[in-house]
Structure formats: C-alpha cells, structure tokens
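In order of appearance the chains are A, B, C and D, and numbering begins at 1 in each one.
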Amino acid sequence: MVPLSWYIVLSAIVFSIGMFGFLVRRNLIIIFLSIELMLNAVNISLVAFSHYLQSINGQILVFFVITVAAAEAAIGLAILIAFYRNKPTVEADEINLLKG
Amino acid sequence: MEEIILNKLSYPILSLIVFLPVLGALLIMFLKKARHIRWATLFVTIAAFIAALPLWSHFDKTTYKMQFVELYHWIPSMGINYFIGIDGISVLFIFLTLLLGVLSVLVSFRSIETKVKEFHMSILVMETAILGVFVSLDFLLFYIFWETMLIPMFLLIGVWGGSNRVYAAIKFFLYTLVGSLLMLVGIVVAYFYGGQTLNILALSSVQYPLHIQVWLFMAFFAAFAVKVPMFPVHTWLPDAHTEAPTAGSVILAGVLIKMGAYGFLRFSMPMFPDATVLFAWPILILSIIAIIYGAVICLAQKDFKRLIAYSSVSHMGFVTLGLFALNSQGLEGGILQMVNHGIITGALFLMVGIIYERTHTRVIADYGGIAHAVPWYAGIFMIFTLASIGLPGTNGFIGEFLIILGAFKAHMIIGVLSALGIIIGAAYMLRLYQQVFFEKLNSSYENHPLPDLNLREVITLLPLIVLVFWIGFYPETFLSYMHLSVENLIQQVNAGSGGRHLLAEYIKIFRGAF
Amino acid sequence: MSVPQFFFGYFAVMLIGLSIMVVTRKNPVHSVILMLVLFVHIAGVYLFLNAEFLAAIQIIIYAGAILVMFLFVIMLLDLKKEVTERRFLKPWPLGLVVAGTFMVFITAVLGKLTVFPEPGKYSIDRIQAEGMMMTIGKVLYTEYLLPFEIASLILLVAIIGAIVLAKKRLE
Amino acid sequence: MKYVLIPLLPLIAFAINILFGRKYIKDKAHWVSVPAVIMSFILAVGAFMDVKAGKVININLYDWIVSGNFNVTIGFLIDRLTVVMLLVVTSISSLIFIYSVGYMRGDKGYYRFFAYLSLFVFSMLILVMANNFLLLYFGWEAVGLCSYFLIGFWFDRKSAANAGKKAFVVNRFGDFGFGLGIILIFLTFGSLEYLQVFPGAHSIVGQTLNIFGHEVDTITVICLLLFCGAVGKSAQIPLHVWLPDAMEGPTPVSALIHAATMVTAGVFMVARCNPLFVLSPVAMNTVAVVGGVTAIFAATIALVQNDIKRVIAYSTVSQLGYMFLALGMGAFSAAIFHLYTHAYFKALLFLASGSVIHALHHAKHDDEQNMQKMGGLRKYMPITYLVFILATLSITGIPGLAGFFSKDEILWRAYMGGNLGKFLWFLGTTAALLTAFYSWRLIYMTFHGKFRGTQESERHLRESSPVITVPLMFLAVGAVAAGWVGIPPLFMEHGDRIGAFLAPVLGHSEGHGTHAEEFMVLGASIAVALGGWFIAHRMYIKRPELPQKIMDKFQPVHRLLFNKYWVDELYDKTIVQPLLKGSEKVILGIVDAKIIEGVVNGVPALIGAFSRRLRRIQTGIFSYYGLVMALGALIIIGTMIFLK
C-alpha cells in the first residue's frame, strides 16, 4: 500500500517547483504554466485525501479548481494579449507599470 | 433616560434638517445646467433653514434637557443607537450652520465656474455632516459625521482653492485626521470603561478614575484643539483659509472650527470634570498665547485673507479662554463668541471673496483708497471690522466682554492679559482698513472701474449685518437659550470630586518628583 | 516493493522530473509540450486513486483545452526574441531558496501526518456499486448545487472577459 | 420716557443720512441732522427744568446682557450732573451743526459728515445719560469711533487716515484700563448700576486685592483703572499724543469733539465716579498730579507751534489738565464748571480759527493752517477777529469773563489743598501765564501785522458768511457770560449757583482759606494773565524781530518744545516699531515659520525622506512582490512550526 503521506509529499514537491517557476521565470507564459502546475499539485493532494478519507468532497473540489483554473487561464492570457498590443513584451521585469 | 425629552412634533424634525441637504445633493446630481444647479442648491439650503424654524419656536428654554430627541436602535448588540437631540448650546450652531450654508451658496454664484455640480454637492454633504455633529448624542454617529465632514472640505480646498491649494488641503486633512484618530482611541476606551455604551449622555454620568480621565481628556483634546485651532497646532488654519474658495472659508471659519470648541462643551467637560479642572490652567495659558500671538502676527500680514485667518486664531483663543474659565459668564460668553466669530469672520471672508472676484488679488498692497470706488462695500466692511474689534453695540463686544469678565473671575492676570488682545486687535484691523480703503485710490483701478456691491451680494451680507447689531443690542434672544444648559454644565463640572483639590494634590506630587 | 509502490515511484519521478523541465525550458512551446506529458501522468495518478472521472476530465480539459489555448497564445504572440534571452530574474537564487525551504517545511509537517479522522461513507466499494458518475453527479447537483451554479457564472464571466480583453479595439 | 428721544433723534438722523445720503439727500443732509439736534436741545432744556424741580429720572429700557449673576440694562439716569452735560453737549452741537452747514458746503462727503456728527451726538448723549458703567463704556467707545471717522474724514490724505487710527488705538490703551476697572467694579459690587455701586462704596473701604503677592486697596485699583480710561479719552500725559494729530479732521469736528465734548468725557466720568474717588487718596492725588503736569506740559509745547489748530489743541490738553487738577483736589463741581465754560470758549476758538482757515482756503492760500503765512487778517475778517479776542480774553482769565471764574475757582481750590495743592497751584498759575502768552501770540500772528501770504490770495480774503459767523456770535455770548453762574461767594452771596446746583451729586466743596489768601490767588492769576499778554505784545507787536532772536539763543529748548518733547518718536521707537518688526521678523518669521511649522512639517518631512529611500524597493515588477510575499508567508509558517 502507498501511504497517504507519500502523495502529500509528492504534491508539496511539485507545488514548490511550480512556485519556484512562478517566482523566478521572466516569461509570462511560463509563469502561467507554473500557476497551472501549482494548481495541479494541490489537486493531487485533494484527490489523495478524498481517496484515503473515503469522502467524495475532495473530488468535487478538484472539479471546481479545474473550472477556476480554466477561467483564470483564459482571462490571464487575454490580458497578456491585450497588454502585448500596448507594449510588445512578455518579460516580467519589463512590466513595471505598478511603479507608477 | 430622564435626561431627554422626546420629539413632540409629528415628524422627525432633526433628521429632516440634517438629511435634507444630502438629499438635495442627490437631487442635483441629475441636473445638468450650472444655473439650475445653483438655484436648486440655494433652494435646498433655504428649505433646510425654513425647516429648522420650528426649533426656534418650539424650543423649551425652561429645561437643560436634550430636546427633539429621536432614538432608534441601530446596532443593538453593541449598544449603538441612532440617537440625536439638541440642547440650548447646540441649537444656536444649527441655525448658524444653516444660515452660513445659504450664504456660502449665494456667494459662489459667480465665483465658481468649474465643476459646478461637484462643488455644490460638496457643500451640501458638508452641511449635513456638520449638522450631524451638532445633533449627535451617540458617539459612533458623532464620529461618522465628524469624519465625513473632512472629505468635502478637503475637496473644496483641494479642487476649487487658490494656487497652493493641494498643500493646504493635505495639511488640513492630516492635521485634523491625526487628532480625530486619537479621539477614536479615546472613544473606544470610554466605551469599555463606561459600561459598553456609546450614549453620550450615559457616558457623561459615568465616574471615571482620575488617571483614565486624564488620558481620555488628552485624547479628545487632540482632536478638538486641532479643530479649534489652539495655539501650537494652528498653522493649518491660515493655509487652509487662504487657499479655500470663499464658500469654503466661510464654512471653515463659520462653523467647522466651532466643532472643536463644541466638542469641549459636549464631551470633555461633562465626561471628564476632574481632568477639565486639572487642565483648565494650561488651556487658559494657551488661550492667552493664542490671543496675543494671533493678534501680533496679524500686524505683519500682507495677504488679505491670511490676516483674517490669523485673526481667527486670536478670536478662537477668546473662545477657549471663556470656556475654560469655567464660570457662567465665561462659558456663555465663549459660546456666544463662537456664534459671533462665525458671523463676523464668515462675513469678512465673504467680503474678501466679493472683492477678490473683482480684482483677483489678495495682496493688501494692491488695494488702497477703494472706499472712493466702492462706498457701500467700504461701509459694510467697516461694520464687520468694528464687530471684529469688539466695539460696544456690536456682537463682538458682548462675547468678548463676557469672556474677559469670566476670565477675570477665574484669575485676575488672565483677565488683564486677554484684554491686551483687544488693543492689538484694534491696531491690526484698522491698519488693514486704512491700507485697503483709505488714502489715494490705487492707480490700477483708475482704468478698470470697480463695481460696488450688487443686489445679490447685499442680500448675502444683510442677514449678517442684522445679526451683528441684534446680538450687539439684544443678546438675550440668544443667551436665553443657553442659560440653563450652561448652568447644568457647570454643575456637572463641579460635581466631579472637586478637581481643584486634586490639582493641589498633583502639584504636590509634581514637586515631590523633583 | 509492491506493485502500487512501484507505479507510484514511477509517477513520482516522472512528475518531479517533468515539473522541473517545464519551469526551466527556454522555449515556451517546449514547456507546453512537456506540460502535456505531465498532465497525462497526473491523470495516471488519479486512476491509481480511484478517480477515473477526474482522470478523464484532466485529459480533456487540461490537455485538450487549456494547453491548446496556451499554444494558440504563444503563436499569436511573436516570441522569437525572448527565446534567446535570460530565462530567470536576477534574484532567482532567492526564489530557489524560498521554494526549497517551503518544500522542506511542507514535507516536514505533512510527511508526519498520521492522525486520520473517521473514514467517510464513500468507500471504494460503494462508489463502485453505485457508479462513479452517479455518485459525483448526485453530490454535485444536491449538496454543491449553489457552488456549481457559481462556477458556471465564473466561466461565463471568464468567457466574456476574455473576449472583451483580447479582441482588437473597434476604432 | 420722552427723554429717550434725546439720544434717539440724532441716531435717527444718522441712519437716514448714512442710508439715503449718497443717492438722495446729498447736500441737503443738514435738513435732517440740524433739526434733530435742535430738538434734542429743546428736550434737554425740558429735562433741565424737571431736574431743577428736584426730580431724578432713572429709566431702565430693557435687560441688555444677562449671564449668571451678571445683569446689566440699557437705561438712563438723568440727574443734575447729567443735565449740565446734556445742555453743554446739545447746545454746542446745535451751534456747530449750523456752523458746519457753511463750513462744509461743497464737500463731496457732505452727507457723510452730518451722518457722523449725528452719530457722535447720539454716542455722547448715551455716554452722559447712561445709568450704568457698561452703557457708559458703550458711549465711551462709540464717541471714540466717531472721532475716528471724523478725524479720518478726508481719508484720501494719508496723514488724516493715520491720525484717525492713532486716536483710536491710543484710546484703546486707556479703554483697556477702563474696561478692566468696570469688570473689577462688577466683581467687587456685584452690579454695574450707578445707584447700586455708589451707595455701597463705603462698605468696601479697606478691602484689598492680591496682585502678585501685594495687598492693594481695591478702591484705589478701581479708581486708577477708571482713570486710565479718562487719561486716554481726555488726552492727558502719557496718552496725549493723539489729540494734536486729531486736528487733521475738519475744524467743526475739532471744535465739537476735540474741544467741547468728547475729550471732556474723562472729566465727566471721574466726576460721575466721585463717590469712589473720594475714598482713595492715592487715586485722587494721581489724578491731580497728572492734571497739573499735563496743564503745564501742554502749555509749553503750545508756545512754539505754528499750526493754528495745533496751538489750540495743545491749549485744550492744557485746559483739560486744569480740570483733572480740580477733580484731583476734590473740587468736582469746579471741574464741571470749567468743563462747561471751556466748552464755549474753546469751541469758539476752534470755530473762529476754522473761519480763518475757511477764508484762506477760499483764497487759494497754499498753507492755510500755518500762522507764519498769515497776519493782518483783522481788517478782512472783523467779526472773526472780535470773537477771537473775546475767546482769548476768556481763556486767559480776564476778570468778568467765563474762563476767569472757573479757572480761578480751580486755582483757589488747589491752593487750599495742602502742600501738594500749593505745588499744583504754582504749576497751574505758571501754566496760566503760558496760556496768556501763546493765546495772544496766536492772535498777533494771525490778525496783526501784514499778510505774509501771496498777493493773489490776499485779494480773495473776505469775512465768512453769516451761517458761520452767527454761531460764532452765539458762542461768544457763551464765552463771556457762561461763567456768571459760578461767581465766587467772595463777590456775591449765593453766586456759585452751579456749584450749589451740582452739590447733591458732586458734594459740597468746602474751603478753608482766608479772604486775604483768596485775594492773593485771584491777584496772582490776574497778574499772570496780564503778564502773558504783555510779553506777547512786546514780542510780536513792538519788536517783531525778538522771537527769532530768542529762538536762536535757546535753540535746544526750542527744538525740544517744537518737537513736543519727542514723545511721539519715543512711542514709535519703543512700542510701535518693536511690535511691527517683532511681529514680522520674530513671530511670523521665526516662531511661526520655523519653530512651529518646523516641527509640524519636520515630522512628515522625515517620514518622507525615509519613504523615498524605501521606495526603491518598489520596482513595479510583480515577481519581486511575489517573492517578498512568499518570503513573508514562509516566515509565518516557519514561526508556526517552530513555536509549536
């Protein structure tokens, strides 16, 4: 039998890798991919809990996470396109309009 | 709850008065033409004034209790109510606010050309907020109104002000906000010490321990002293006044800074009687400094509006002096002087605004001899100058005399020093008058004729002129409202466990410390 | 080592390896392709956890829809220049340390997770008896009806938003 | 009740003129004001009859200010003292109003002039009729205000505007003390009404006040504070500086306000408060010394002035000094008597000099008030010359004329007042000598010799019109005959009728001197009057070159006197300039701008500087923000793990 903690640790590792990608990559598309990666890492743990606790709620939650992920990706990429029209770059450190 | 008399009229009159302006603001949001907006605002302010007239006739002068009270539960779980009412002290300020509201709209008819709608909405919202402050008997309600007032004023100064308006607006905002936040802390402390209620009347009857009183008094003092403004925290006032548009200056001088002194009367004194007695002396001394300092500084002013602003510092010094003399002459004089200052300084700012519309300069040296060109203007300005100096027969005299009498009662030296301010007051006002109106007509007006007052401006000033003489010759009309409330207040202060005795104790401790 | 453990080991190694490759590739197209492989492996993990329906969803939605959208976007944006430039921001070692420490913390805490509450009523046998679709459907349309509706609304908003944002401004 | 109309009529006239004068009434303003003041005069005569019959009228109109135990009414008290003042004020006002019709004709502020004059009469009447101290203060300030308006009547002249302001502010210094005195009276007696304060005065004898640890007699403090007000209003040392400058106003104003009525308000007030003053020897002596010193001080300055109105102004200050001398010696009725005679002859002097100025003005004389540019006017203006002579005879104290009786009574009373009194008598007699000299000097320089102006202006010289000369003649009658109500008992049994009339209010003035002494005093004053005349005659008629010689010989003394002892300059250097400079440089420049604003702006500036540094962290790149956020989350998680 595979213990639950293995899945959790796997999830944590994948999440951390996704987080690393999110924090340090310059390319915005890969940053989005990293976000997807983190979401999926969470999904793994959710499904694992669902299985081991014999509760269906975890799976339902994954369902919603996928929904939100899809919406987020759609909006995010749309913003990216809109932004790209104004300033043709997808590099994170060249987008500094927050500085005001 | 025996301290209140519920509203006996068939409709909630206070709520009506307070919220009429803000409803008016909603109404004018839908208007497009500047002309319509101006007339609609004027109509709303006049309507509010008329709506308040029953207060005048139905007011019961034979009691000190809160009248026309409206009391509804608001957030029962925290003991917060919608609780409003007035007594003999606040009723005068209601009328002053309403009157100056009308006049400030009238005077802006021609001077405001940009963002007319927003301007008038700001004025109306501010009127509601100020009225709310004067009627609130619940701390949360009070605080909401108190802070609401900041925003429209900030906008008035910052958007329609003079050249340095942004600096002045931010300065005004920061000063008052810092004070208010300390007061908020004080309110929270009072809430927990006073049995988890925010009812101001209930809190006034709570006996706080002395050290708590001292801390709370200081917290409230921060908010009120900035607003008054008292001596070391007065520097926002000249900037704000100078940069604000005329209507803003009028409201600022006329009622807004009265809220600080009103706070002393409504909160500091009845809630912390011992601390009040304890702090009376330092405040008296600060007041004396404000009186003389404000007056002396006026001698050096080169800017028309700034001079009047600094004279406000001096006059408000008289007000705090009277209040903290803690006897009936001082208190009544102080309250009356608040009204007087609203009338006189309000009028002076109106007059400066009127001439500024024609000349577009505030530098005193740019004027000179204009009495030749605008005799009516000069005459009316003279009336307000004399009232400001405190000449007998004008309202300024009654207030200042009572205050000096009260101060003299409190201590002779204080009385003598305060009277000194009157001498310098005459000097700077007459100096201003001479430089502006007398001597040869300034050559710059020979080619550009300077039109005298028009009908609208005369109508704007007329009520204030009437009031100057009315209070000057028959102040009893106004004093009679406050007699009992003031007596009650003095009793409350004295009911504290004899603060003078405590003061002696403190001095002993203080001496022991060295 | 049992068979499940072996398969878990395989999936774990693949997932971690693929993840690292996804976040380190220079060319985003490569990343997306690797991501596709990664999603398929995740679906495999789901199958091991008796979540067949989610495994299918994972393939269809993530691999089939979202990743394709990424590809479209990459092609919409002409990204030749970026490929040749630096991959990471300047303080990337700090990011590495943060992510690493985070991983250590999480594993340190969750790895020791032992206390289990009472098992729920959806045992594997019951689900198999009733059918996966039936079970999920029942819960989703009864207990989770409101969230479900809200999710649909979010999707609607996302659709509209994406269209509004991405379309060229009509002059 | 009808006596309320006495002050009210001029007030109505004022209101009508100021509101409608500019557009409608214009040069008919006198038709409003003159009848009003004449009506007041008639009513005042009625009041005099009533009071003479033994009535004391005390009317309370309404409560003015009520606050706690403080209560003051608007009310009038008409007793014997008031009535005398009423008659003086209304009669002289009536004459001067009529005179002004001619004098001010053609001035573009004609309506304004009459409005202000009416307001002044109203205020002055309130002042004398008040039945309490606060209303007295009201009138007191109001006459000051009118004085301000009227001195600065030709406000386009900078000197006039300055003089008005100076008068007002200097008076404020006096009023400062006066106001405090009133407050102290209230705190001591619990009331401000004369009829409650004066009877109670005896009860507080010996009561003391603690001022900086010193126990001071309360009544003395009260009296000295009240006297402060009198010093300001009646232009005594050291607040005399405003009165000479006040001559910038039109001449009728100088006559009415700065000679006959307003400046004597201080005398009236002290006399009114005599029940208080008699209880404080210190205050009485102070009053007497200030009066005596002022009398001689002002007389010396008048010796060398060249401006015709300024000479008369200093003469007024000097005469007011006499009145205070009398008050201080306890001779209250003598002071009022002198006030009354002085009103006539001094008003006459001013109006007559006004007639001269008027004539010169119409003759396009460029320096219309400088006596050095006059001379020989006798033949052009015989009536003016005649009344001038009469007034001068009266003021110098030639027997039989008004000034003689009143001045003599003062000197005699002073002489009887112990050592201090003898000294003051000596001052007063010397001042009388100087008075005689400068008065005759004025006449000789103005009317005798040859005209020193241009020939062009000489051709236009002529006597003023009847509207000016008729009031002069009336006043001349007063200047001659007004004193006949106070002939000393020495010459006539029951001669001192005014003293007897005022006795119920001001007390009897008992003297303890022999007839021989009285004759000596009398003789001395007649001698100095003639002596002064003689010297002036020698210097200005017989040997006209003499004044210049003396001037050269006593250059420093002349400079000292000509520059009025440099009192103005002293005040300017010690009070005015330090205040203005201090205000601008120190308070505004340093305290307000640097210290307070420094603290206030310093704190935000510090925060600002700090945040400018801190702002560099804000790169605007969201990844960095994310990094920091993750770091923060990590720290929180770490603490939670390791603290458990």
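As a convention for this text, a residue touches a chain if its C-beta (ideal position, glycine included) is under 8 Å from a C-beta of that chain, and two chains touch if they have at least 3 such contacts.
The structure presented is a predicted model; accordingly, all values stated were derived computationally and were not measured.
By number of C-beta pairs in contact, B-D leads over the other of B-D and C-D. Taking the mean of each chain's C-alpha atoms, the chain closest to the overall C-alpha centroid is B.
Chain centres here are Cα means. That of chain B falls 37 Å from that of chain D. Between the CA-based centres of chain C and chain D the separation comes to 100 Å, rounded to the whole angstrom. A straight line joining the Cα centres of chain A and chain B is 59 Å long.
One simple way to say how far apart two chains are is to compare their mean CA positions; for chain B and chain C this gives 64 Å. Of all residues in chain D, those that touch two or more other chains are 621, 623, 627, 630.
Each of residues 19, 23-24, 92-93 in chain A touches at least two other chains.
Looking at chain C, residues 89, 91, 95, 98-99, 102 sit in touch with two or more other chains.
Inter-chain contacts occur between A-C, A-D, B-D, C-D.
Residues of chain C that touch chain A in their complex: 2, 4-5, 8, 11-12, 15-16, 19-20, 22-25, 28, 31-32, 35, 38-39, 42, 45-46, 48-51, 53-54, 57-58, 61-62, 65-66, 69-70, 73-74, 76-77, 79, 82, 85-92, 95-96, 98-100, 102-103, 106-107, 110-113, 116-117, 119-124, 127, 135-136, 139-140, 144, 147, 151, 154-155, 157-159, 161-166, 168. On the side of chain B, the complex with chain D involves touching residues 174-175, 232-235, 293, 296-301, 327-329, 332-333, 369, 371-372, 375, 379, 386, 391-393, 397-398, 401-402, 404-405, 408-409, 412, 415-416, 419-420, 422-424, 426-427, 430-431, 434, 437-441, 473-476, 479-480, 483, 486-487.
For chain D in complex with chain B, the residues that touch the partner chain are 18, 22, 62-70, 74, 134, 137-138, 140-142, 145, 148, 152, 155-158, 161-162, 164-165, 168-169, 172-173, 176, 179-180, 183-184, 186-187, 209, 211, 579-580, 582-584, 587-588, 591-592, 596-597, 600, 604.
Interface residues of chain A, counted against chain C in their complex, comprise 1-2, 4-10, 12-21, 23-27, 29-30, 32-34, 36-37, 40, 43-44, 47-48, 50-57, 59-60, 62-64, 66-75, 77-82, 84-85, 90-93. If you check the complex, the residues on chain A that touch chain D are 19, 22-24, 31, 92-93, 95-100.
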